[in-house]
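Pasting the structures here.
One chain, chain A, appears in both complexes that follow, with chain B as partner in the first and chain C in the second.
And then the complex of A and B:
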């Protein structure tokens, strides 16, 4: 009899259990101690100096909307997945730029901020914070997650139809349009931005005056042949719209110095290297970083890793080269530094809270601090096996 | 005797040596000598060494070193009045000089060639020098008024001529090195405008030291000092006038040929003007009235001219903040 019952029980599938069984009552977990390293102010528009050295969390749906197609660094993304939350430490560079953004005069050309610093200090994460700020303050986002990708790993190349001698990257351009649309579609439809000129792409395909921008973007995503040119037009339209006060725009480009590099993996028909200056995407994004429009913000990050030919120094003028410096000038260089001791302690506490590091003595923590030299990336790396 | 010789010649020599007495008897027969008064003369075939009685050299009495008897307060310049090779007995100092053997001090002053080789300045003791000066004083003229300090001297006589004289006793008194003439002048003491200054620096190249501000011209191609001095003076004159001259091709100098960053000729200036004049198109007239423009200009020029480091980048940042009228709250 007992045997029979057991075999019967075994035969009942989990589906049956789910169907007929009653759910267990939730066990009451003892409440966690208050987390002093966090701030409940999750809207970056309200972030001030008072929130510095505190973590805030980007809501998952916002994170998905903004950074689904890149923006978070690979390592940070992994961490976000592991910790099941996208929390960012509010650091001095971001707060500094936010305070500048609040004071600046939007009737003048956009102020340009250049984030610089050594590898792994958090330039990209600072940019993430600023992008979230721009999103929270309802700005159109022109965000390039990592400009170097277009030149080191181009997915397809084609000769430009419009500009003789230039090279288009149709797939990359369309992918960027998807990214742009993903980030801005609510705002674009809400603001009802429309094309102000007639554009003819081919004999049959035209975009007439008054078409919504979203429609043109969709057209670019579907007809990737014209994607590069559509980005060009889109950027001009956005500049025009910002100038007219219809919207305000934030430009965020990571690895900006890649545009001024000589290195690229793109080859033309004669198998000759095409420098980034001859790629149509470069023209579009250099166009938006010019000072000939207003009602906008430009934040770029320069990184040693974004070039292959100039890697001796991480300082902005060196990385931008003279050409890039003249293009950006006057800009505000903002130094992103390694953790201060306070920040390090907060981060350590956060890691402990996320069970990323356990049972670590004060001495061990000090050792980690010395070993990583307060470098955020290194610290994260060294904590991995702990 | 002649008979005896003849006999000897006929007989063998052995017989002769065997019968010395016989020969003697024969000799006596030849020349009768008084036997009692003289002994036989000995024929010394093996000469005996005569002990050489050496001529004994007479030792010169050396008096004890004079230094031992010198008074402590003696007048040294009169003991050692002029340049002279070192003499151990005259110098009352326990000097040692030379390579020492193991566990031994360096050789002392007696019979020390090392001390004699090197030149000494024992005749140039401070009292001796003072006496010299006293003696020379009556030939001196008064120090010119207005040249009391080094700075004043440099101001009134900016040109410095450096030569070397050599003095030693050798068959020739000529020293090839004495022909070399060095001319030094401060760049700031020459009256040059910006163009001439730039040109002279390009012409002299490494002969200008930015730390000391000196232009140094060394001439050694002529055989005499006078010729070299004249040549160096000629070079300086030529340099000065050449740097003031403006050639036709100098106007063709483009921005790429610039050896330094000139903000006024660069795009940075246009950028700032555009920014300031926005939304109107920039005008070139009144750029100097833009607030903080001077600070910004210096910061940008520094970034290019003195090189980029955290200090110059921060200076640039501050300048940009002032130009854009931003204040850091964090």
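And then the complex of A and C:
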């Protein structure tokens, strides 16, 4: 009414208002139903049992920093692209391990957790959650996205200079160093970790006591010939630093049982198979999973797909073999299981929200549940053509 | 020798008899079905079954033997007869599992393309984007269906391309074939599901090669309209 009288006084016609008015018509904003399947707590450091069966979102910049060079499974990476967000379900195994991590005593040797379960059950995704947790609680990450890649698809091989009879994988080692640097460069420069010994790589190239770790990593990336040896040294240095309380470290290795396999595609000079036990990278990562240090956490996942020779059972004792079992002992096995009915409903709701499945009846959903037997990967697969 | 001859005669006589017996069993129409013609074709779709139940039709056919469903026909919610037919058109050398996988991957690609479009567009535009791949397939097939076809006919020693209206089933077949042929014309490095997905989306928007092929055919029919009367004279 006020507007009307004012416009009358100023002799503004309604046509003028329509043509030159800047006020917009009210746009109908779609009413979205409250998203009960999500939690706004996107910091995994605060995740507790209350957040279970809810989705949380990893920020794109963190996702890029942590998983640019692997870590997310292939299918999940595609989903991240199509859903335009990287959301994962907070599940029981991750919450269980996080609660253990909170309660454990760090003056003692590191606790070892072994994730195991059938194919497509979410071991790698649980690992992703734990890695994000470690990142949020400022731990140095030693993350191997998929150990088997080194042994089944080696990019280049060379005889080791330091340990005779061993084989180096220079390009793969350098690639891992890039991955490590990408994940930790902020923390490394902040904590100012330095090398504690003198190392001579060749006549001219040396790393003296007191140089920053980052500098040594950069050297390894540039001189890939020494990359394998530098990983060895780096891991020893990190163990030392953790023992001294300068930093705390988290080790996360997916497909850990690949280190104890007999199978490998690496050949030596006589065209004979080199088992993973003779590859220098294996030594480095078996070294970090020993119990002779403290102030650390070790989480590994064993997978049927990580070995070619032992695939009958997914249980850790079988997959790790006697050698690996004794190496890891004592450890805490954590079983990652298929979805429970609650989790399945949450996932279905999430897919509906992301429009991955549309107008599906209750009966249809039940059909999918029975078909996939609550297996996360299978459910994802069955939903793709719908 | 005489014995042989009588034997032979007996054998041939028996053979003839056998033949007559058989001819009584085999019907003269070329029907190779396992089931006799008294069997009726039932329905496996729950909604149709309910309709039969409501209309009381079910009572009438309760005691008539019914042919079983094919092994790729299910009463699932996700069953679609057009999708099933299209799978068979993709199939080569009877490799049905492969054909089905290819179509499922195609649907996945369609969904991913449409969803990425959906996520990057404004609210008003979002409502116009079709996300259901089955609907897109239906739309694409409907857009490619021709109404007329050219049939060569010999009149006075000259072959004329005569425009002829075609049956529904034939036009559906042509539409599917054109889409698949358009998808198969690709670089060696590109996989069929990728190209087919693109082709389906294009055709559903009334664009793309399959739709153009239909339009060209219609144009030719239009040009040959003078020969139309050869269909009946």
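Assume the second predicted complex is superposed on the first by the 356 of 386 C-alpha atoms of A that agree within 3 Å, B and C clash if a C-alpha of one lies under 4 Å from a C-alpha of the other, contacts with A are read in each partner's own complex, and residues count from 1 in each chain.
The rule is short, and it goes like this: a contact is a pair of C-beta atoms (placed from the backbone, for glycine too) under 8 Å apart; a residue touches a chain by one contact, two chains touch by 3 or more.
Remember, predicted model here, so these are calculated numbers, not experimental data.
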item	value
Partner chain(s) touched by A:99 [first = chain B, second = chain C, both, neither]	first
First, second, both or neither for A:361, with chain B first and chain C second	second
Touched partner set for A:384, first chain B, second chain C, both or neither	second
Touched partner set for A:326, first chain B, second chain C, both or neither	first
Contacts of A:313 with chain B and chain C, given as first, second, both or neither	first
Partner chain in contact with A:82 - chain B first, chain C second, else both or neither	second
Which superposed partner A:236 touches (first chain B, second chain C, both, neither)	neither
Comparing the two partners chain B and chain C, which touches a greater set of residues in chain A	B
Residues of chain A contacting chain B in one complex and chain C in the other	none
Touching residues (chain side chain B, partner chain A) in the complex	266-268, 271-272, 274-275, 278-279, 296, 300, 303-304, 308-310, 313-314, 316-317, 320-321, 323-330
Residues of chain C defined as touching chain A within the complex	76-78, 103-105, 107-108, 111-112, 115-116, 118-120, 123, 131-133
Chain C contact footprint on chain A (complex, rising order)	29-30, 78, 81-84, 354-356, 358, 360-361, 363-364, 367, 384-386
Chain B-touching residues of chain A, taken from the complex the two chains share	48-49, 52, 92, 95-96, 99-100, 103-105, 107-109, 111, 291-292, 294, 313, 315-318, 322, 325-326, 329-335
